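The structure appears right after this line, and notes come after that.
To keep things simple, chains are lettered A, B, C and D as they appear, and every chain counts its residues starting from 1.
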């Protein structure tokens, strides 16, 4: 398998280690509640709920591998205690989210919960974990509610909110000189939030939304919409697509000959990690993201080399988010010297953490959402290169959060 | 003027290019046993299917007790009092003999959309079921699974199910097909008994049986009615002799 | 919007219809003529796309990839037929639904084991890489025209094989009456194995042709699966003409649905199917069973 | 007497289910609650495919509608009275089943399979793309339904054990309801329709009416399951009605054994437990799940429960050391 790595942290190994423990536990805990050991040498349980099958499989794998790598760099110890992983495939299926979260919280009694990728899974998960549940770190899911309405002292996010994906796009496009813009996005929760945030900054700055074209998620036949786009003749288009849809969109956009007359912009996922699949079609596409492969800071360069060495594949923004999730947990546990009972103290340490992330400086807002720089990037020779910082220390309004 | 229970007027049915019934105009007299004979492919079964509503005619009319039933679905026709049995055994194989008759008997209730009363409590249905079982001679086999019964018994059950719907007119498509001589005699006896208070329309290849119970005959060839009338008339018909009977008797 | 806009949309609709027919053609062979409900059809489409990606990568030529990929697809089809489908001809459709549903799970996992979870693209072969200008700012890729042409060729070819050749006659006869055909001395088992493999190969071929315009990603087959069933059912099973008409109808409804009634776009095709089945319970060109 | 013996395993299973919360941890009670709900869903489908001969590939629609009716009506409510919420869910599912059934039963065979699928897809996309009902994010419910007597909630469903018993009693009453229906004239007729619809029509029954009623009953029970799932998890989203859900439901019915009422329940246990524990064995657990389903389809078409009488038979024979007569006239 491609995810083999040299430090021996293949998924297989986690599974095997996890299984020996869980299988025994499963047998015992059907009738008897699992015994809970306390003491310096007792293992810290880290529950992971990420997708390893389906469309988001790659994201889940990279997040997990990067987090594992961060732990491995620290000698696989959290505040002096060894780590036990309980790793579950979320399949990115909202319908199963609650059941799987329950398994981690109630059956495995994990100390930390890391996941997920999919926003809707995230909402089901956070709904269960917030409050009395384990310390939860979200390494990708971007729904605003997770650090908004659903925010809680024990819930952190190391990735982004939808707002941060859309809001900085407006001023950036105005600065590039595009005032008549069409908005195109996958018509689902996350896509809609990104579009709404974009409008919020773009219109007051003097831009005009010529038309909003929501397209059905997760469908990938864009031809009819592209014809409509061509007929509207805007200066540029701001989009939200990801994964297979992003590849298809960028290629169709180029094939329809629209690249010459309409400038293509989007939330970072439009081109992130898809260079090989998109090829020339992506050249010149500009996107907004809190990371770029080519970021020139020493942490990033060290991280990318290490990740490549450990997993055999190139790091991407998902890996960065996973890496930072590991860092955040490490930070919290070191602050309390492994005493998971000192919960308030640990949370305080985590929310005041200032992390030297591969993405640059990373802090956390009062709602535990990241505050970080957002970059405007352009694809040049298949690589996402930073054009400029689109927003310095971008925060999230955390609408509806009371903590 | 005869008292006809069923009348067809210029009934036509074709499948693709093949004409299965061609301008069939027939009258069936109340209380009589009326047999339809003819070589294979003469359109006999198609005619029965038209009468029972299993097929819709291309044109023509069917009148039952003066009422036009031409385009009614099979369930409506059954409810009006026309029962039929099939050439190929057509029973509920996994049901017991009793249950087969009982489903049939139950169809005469005003409504069978009864959910909460155990089925066996409905007395009228029960009686009808028993009567049908007795008539077709299967009372002793009532609890056998239909699929486990002998072929002859299954044929009897087929008739029993029809009887349980208490029809006025019976359409019987080769009730003796594939039976041994012993079983045949039993069924012929049964048909004779039924003839006492029903009208029977019968397709049958067994000429001895036909002549022993039928009062009227219709001979069909290539979808057309060649001749129709009393047994004597058919026997003496030159056309029938040539086209059909001579051949059939040679073969027997 | 001016007229040219609608003309371009019409072109899009027809093109989408062609693409749908391409995917549904294999299905109509299995579902329409052999009477097998194959939910794994989308998986075979995915297999085709991955074969195109993998073999193009390996050989450096898209055409060579198709040439090598088709026999592999045929083989996959043959194995699936021999070891699974062939046991189900006499059984209720229910079992076909369930077995092929399970096949989807199996193929999804096999795909991940063999090719991982990345999104891939296949480069359009050089000679078809250009595009034709349509309006002042939109042009039309030649490769899409090529797909349409391939689709017409397959439609004609299938029609000819099914209606005019001895093989087609055997297939039609075998589907309506197995015993009869067996009595005529034709080996029905081999015939069905062959036809099933052919259906699989057609699905894979559709996946291969679509790979350069689509992207190649896990689970891609499920996006085309249900819609191709809709196409076949609307057209009426057993009719290639029907499938063609069904594909065009869906192409039109879905394309213009997106433009004129965007918020109903996804529902429209299913509503169309319901209306057609209400009006003609056996589809537009289907016969009663 | 023999009926009593035959129902012994059932009663034993029921007893085990009743006693389980006394021993099981909260997690397993929760898991079992989910299995019971899914079992009810599968049971309702069995009325269609196992007894009426209608292969519905869109049954998840009613499951979803049951849940959505609850969520839409009470998402902002400060209290969810059971006596309002439950009838609402059931009525919504029943009405949807009436409409979908009325359209679908005009077709048969593969067309029926496909049209039920299409109808379910319409509902799926309706909820998926409608901003008013949460789109693909679904709807969260932060409260459990209550049944107030005086000022006291006599159910207290927010406690896992109570919800467990509530779900179990729903399953048991649905089971008994179906037993009764199947024994009644109506039940005999639908079974006859499954065996040979043409013959039933020839006997004078308007079969479409029976099929429609059966469809509505099944849809309503699926709605009950959806209601329970929505209330239990406090969350509904469109994937409740995806065609995958319908497919898995068919798998449960067949895996357990269709045409028996206990079969689908066993099937639900098998599938949910496999989904729960296989991922702990291997990353590629869906390969195993798919393999198991394929093996059952090929080698055990009457489902896992068809093994039980066979095993009993084997034991009996080996104990007596003699061969049973071949033809037994059981029902």
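Please note the rule applied: contacts are C-beta pairs under 8 Å (C-beta built on N, C-alpha and C of every residue); 3 or more make two chains touch, one makes a residue touch a chain.
Please read all numbers here as calculations on a predicted model, not as lab measurements.
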Q | Between subunit A and subunit C, the fewest steps along chains that touch one another | A | 1
**Q.** Farthest-lying chain, centroid of Cα atoms versus that of subunit A
**A.** B
Q: Indicate, using Cα centroids, the chain positioned nearest the centre of all protein chains shown.
A: D
(Q) C-D versus B-D: which interface comes out with more C-beta contact pairs? (A) C-D
Q) In whole angstrom, how far does the Cα centroid of subunit A sit from the Cα centroid of subunit B? A) 74
**Q.** Length of the line joining the C-alpha centres of subunit C and subunit D, rounded to whole Å
**A.** 33
Q. If you average the CA atoms of subunit B and of subunit C, how many Å lie between those two points?
A. 48
Q: Let me have the rounded angstrom distance from the C-alpha centre of subunit B over to the C-alpha centre of subunit D, please.
A: 43
Q: Going through subunit D residue by residue, note those that touch at least 2 other chains and give them in order.
A: 125, 128-129, 286
Q | Shared interface positions of subunit A, touching two or more other chains | A | 52-53, 216
Q: Give the residues of subunit C that touch two or more other chains, as numbers and ranges in rising order.
A: 108-109, 112-113, 266
Q) Among line, ring, star, complete and other, which best matches the way these chains touch? A) other
Q.
How do the chains pair up in terms of touching? List each pair.
A. A-C, A-D, B-D, C-D
Q. What part of subunit D is in contact with subunit C in the complex they form?
A. 49, 55, 57, 103, 106-111, 113-115, 117-119, 121-122, 125-126, 128-129, 243, 247, 250-251, 254, 258, 284, 286-287, 289-291, 293-294, 297-298, 301
(Q) Quick check: in the complex, which residue numbers of subunit B touch subunit D? (A) 52, 54, 73-76, 78-79, 84, 86, 90-96, 99, 102-104, 106-109, 112-119, 122, 125, 143-145, 148, 161, 165
Q: State the interface residues of subunit D toward subunit A in the complex, per the touch definition above.
A: 23-28, 30-31, 34, 125, 128-129, 131, 135-138, 140, 233-235, 237, 239-240, 245, 275-277, 279-283, 285-286
Q) Can you list the residues on subunit C that touch subunit D in the complex? A) 31, 35, 37, 39, 84, 87-88, 91-95, 97-99, 101-106, 108-110, 112-113, 226, 229-230, 233, 237, 263, 266-267, 270-271, 273-274, 277-278, 281-283, 289
Q: Spell out the part of subunit A that touches subunit D in their complex, as residue ranges.
A: 11-12, 15, 18-19, 22-23, 26, 29-34, 52-53, 88-89, 93-96, 98-99, 102-103, 106-107, 119-120, 123-124, 127, 143, 187-189, 192, 216-217
